[in-house]
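Following this message is one structure expressed as structure tokens.
So that you can tell them apart, the chains are marked A, B and C in the order they are listed, and the count of residues begins at 1 in each.
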Amino acid sequence: MKKLLVIPFLCTCLISFGTSIPVGSKHTVKTIKQAIEKASHGDTLIIYPGVYREGNIVLEKRLTVIGKDYPIVDGENKYEIFTIHADHVTVYGLKFINTGVASINDLAAIKVLESNYLRVQNNKFENTFFGIYFANSTNCRVEGNELKSDAESEHQIGNGIHLWKCEHMTLDNNRVTGHRDGIYFEFVTESLITNNYSEGNMRYGLHFMFSHNDEYRNNTFINNGAGVAVMYTKGVKMIGNTFEHNWGSSAYGLLLKDIRDSFVTGNIFKKNSVGIFMEGSSRIEFRENTFSENGYAVRLQASCDDNVFERNNFSANTFDLVTNGTLVLNTINHNYWDHYEGYDLNHDAVGDVPYRPVSLYGMVIEHMPSAVLLWRSFFVFLMDRAEKAVPAITPDNLKDNSPAMKPYDFHKAN
Amino acid sequence: MISIKQIDKKFAKLTALENVSLELQTGKSYALVGPNGSGKTTLIKSILGLVIPTSGDILFNEKNIRHDWKYRDKIGYMPQIGHYPENMSIGQLFDMMKNIRGENQRIDEELIDAFKLYKMYDKRMHALSGGTRQKVSAALAFLFPAPVYILDEPTAGLDPISTEILKEKIIHERRMNKLLMITSHILSDLEELTNSMVYMFEGKVHFNNTIEQLKHETNEVKLSKALATFIRQKELVASVSEV
Amino acid sequence: MTRVLKYILYDILRTRFILLYTAFLFISTFGLYQLDSDSGKVVLSLLNIVLMVVPLVSIVFSTIHFFNSYEFIELMLAQPVKRSTVFLGEFMGVACSLCAAFVTGVGVPMLLFGINANALTMLYTGVTLTLVFVSLAFLSSVLTRDKAKAIGIALLFWLYFSLIYDGLLLWVVYSFSDYPLEKITLVLIAFNPVDLARIIMLLQLDISALMGFTGAFYQEFFGSYLGIVLSTLVLFIWIVLPIALAQRIFNRKDL
């Protein structure tokens, strides 16, 4: 809340120090390019409603660009629109449409190169190849933007918010739909992703690589082609996010690949074909997450170790946990499993017999994917029953020794 | 009318009929006699096409009955034990049979009237006694006037009055110059109802002639006696030939 | 044919068993809808009934009925009626009444709670499986004269298609797990009507995503025009082939 107040205040500060240049068909300065040329550091351009078709606009001055009632800046399906190479630039309240599409150049509506302390706020993007693109920049803020695209295939579209080699970035409250990746992070460290909404992107809702010590909170990722991928990273905090309906034969709520020393807490995984798929990951703590109605709640590859699953709720998942290994070096404890059939004689809310979240059939299909064609057959039903009664094949040490009898209520204040 | 030409019937190991040849003629009434398991029912079923002979042919009006089914139109058949769909009422059963035979058939409901079956039209088959079932079977056999009637143990299980009714009906039909074939263990009935006899033993026909001829050959007056003598003679011949 | 069929139908529909079966299906379906408002989940739960109970009831009831009607069939065959008419009449009678029981028992609650594509597919597979197993029942009925033996054969058919075949399938998948098996398993699936019905149903329910690559492959196949035609054709063959074979045997059978 405090931050929200500070931003308009800063804006007013900037406006009051420099000169204000109105741009529009009714004003002396007709185009943004003219205005940039005229302006000196610290000035503010006020863009009045209208359609501005000016090709590529290069901005290398410390300016504040403010749109009144969303003036349209049109790339005419040919150009990158803003290319910014200056510190302390603010772009506010513009509507960017129709950037060019290129396979070699990453044409963007706003491209920022080697610049610091930028703000991209409350803009709208429609039918842009890349929406907002940062490279080699630090301490920037991307906030309240709305990005919409509707490409047919992955190759015709770039990422919504694309960050490469950045530091101390903040992404807050943006909405991205219909891009390749909703939000793309590569070599972005010490950054914060909060309250964003990423839906219906072709590939990942969030694509995240080599980006250490970042934190993402309270974001929502719905119905993206392959869900969310977090890869080759250490020290990530994922808190309170919602991963919903990422459905498809190669879609995941959350894909964790080579992740270390991270936290996954208080997230909701709902109706994903796979809630969490993890590979080569270690020392991750999974706490207080809710897994419901997923095909597989967690697919744990044998290459993962030292992970901790505690106090999570598992309900109505087809498979709670599957793994392709027999030796399991992860800790699973105090979770609630709706498939648990044990009892609690001493009424301490903890089941008296351990729960084995891995079913025999789950094991079988991890080893022989073709065996899925027997799914829901009577044979499989009998097989699982037999294994439950006399465990012989499922990993012996993969069990929750103190399963909770009732689901945890994470929303209750405690 | 019906010519049976050298038919054989083998079930798995058992030979039920062996080289059976018979000429059954219109206007004659045949008693089919023989001990249990001698092949009587198999022979009847062969004529009806329910059992298919291993070899040999059966001609009905000079037409081979194999692959034919229309000739059964000319046969009224009363099975040994009548089993019917349990949930069907007597009325429905008669309706069904009429329906199957075709609407424009002549109907003979004499026995239905005589047995007073119309009073029980609403009764379900599973609620019937053995005797009533037998009445239903008889009434069904005679429901459609036919040149040939085949009756398998017609009087078994019937009360004396009903037996008389049925016998009268059979004699009546016989007078109408029809071909009748009756099996029974009650020889006195057969003496009343038939004039020719086919005696079967172990799948073979051992005698096929008029009852008069049998009595003449054995010098007996009563059919039962005549048959007993005939069997004794046969056994004697058999034992001699074995030696 | 219709004359015979009319009375056979009339007879079967009166038997208490068909009514019980209808009631069982109705109560189960209705109950499942009461427990869960999501029709997809209801259909998924119903799937177990359709894959297990429907074939079992169909095959056992049909076999028992055939033997209970043995004398009736005999009576009919003494009439001027073709053997095939009587036999197919019996088949149609049993098949129609079991299908009617299924459609009523499952379909009416579906109508009450809202019918959709899932529900329709379920009705389609249920009716098809009923027909297949009635057909198999008639085959087992003509293979022997002994009622107990025939029921034994019928149960064996059921056990084979519901359980044993899947075990063998798993063994095949296990033995050849290093090879791409999708096309082969697709063919193997066609040899078991229960598996085929199950796969069609699972794909309809949009859970093929959980079936990984195999699921995607099947989805593509069964979603295509060719796939729909072929799977329908295969199920049709599963209905026609056993009953045709049974008919051939019956035509030469002694009663």
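Note that in this section contacts are C-beta pairs under 8 Å (C-beta built on N, C-alpha and C of every residue); 3 or more make two chains touch, one makes a residue touch a chain.
The model shown is predicted, which means the values in this text are computed figures rather than measured ones.
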Greatest Cα-centroid separation from chain B: which chain? A
Would you identify the chain whose C-alpha centroid lies closest to the centroid of all protein C-alpha atoms displayed? C
Can you work out the whole-Å distance between the CA centroids of chain A and chain C? 47
If you average the CA atoms of chain A and of chain B, how far apart do the two points sit, in angstrom? 89
Note: chain C sits from chain B at a C-alpha centroid distance in Å of 42
Residues of chain C touching at least two other chains: none
In the complex, chain B touches chain C at residues 11, 45, 48-52, 69-73, 75, 77, 79, 81-88, 92, 96-97, 99-101, 140
In their shared complex, chain B is touched by residues of chain C numbered 3-4, 6-8, 10-11, 14-15, 68-72, 74-83, 252-255
Within their complex, state which residues of chain C touch chain A. 44, 47-48, 51-52, 162-163, 166-167, 169-170, 173-174, 177, 181-182, 185, 189, 194-195, 198-199, 202, 206-216, 218-219
Mind listing the chain A positions that touch chain C in their complex? 247-249, 251, 273, 295-296, 318, 364-365, 367-380, 382
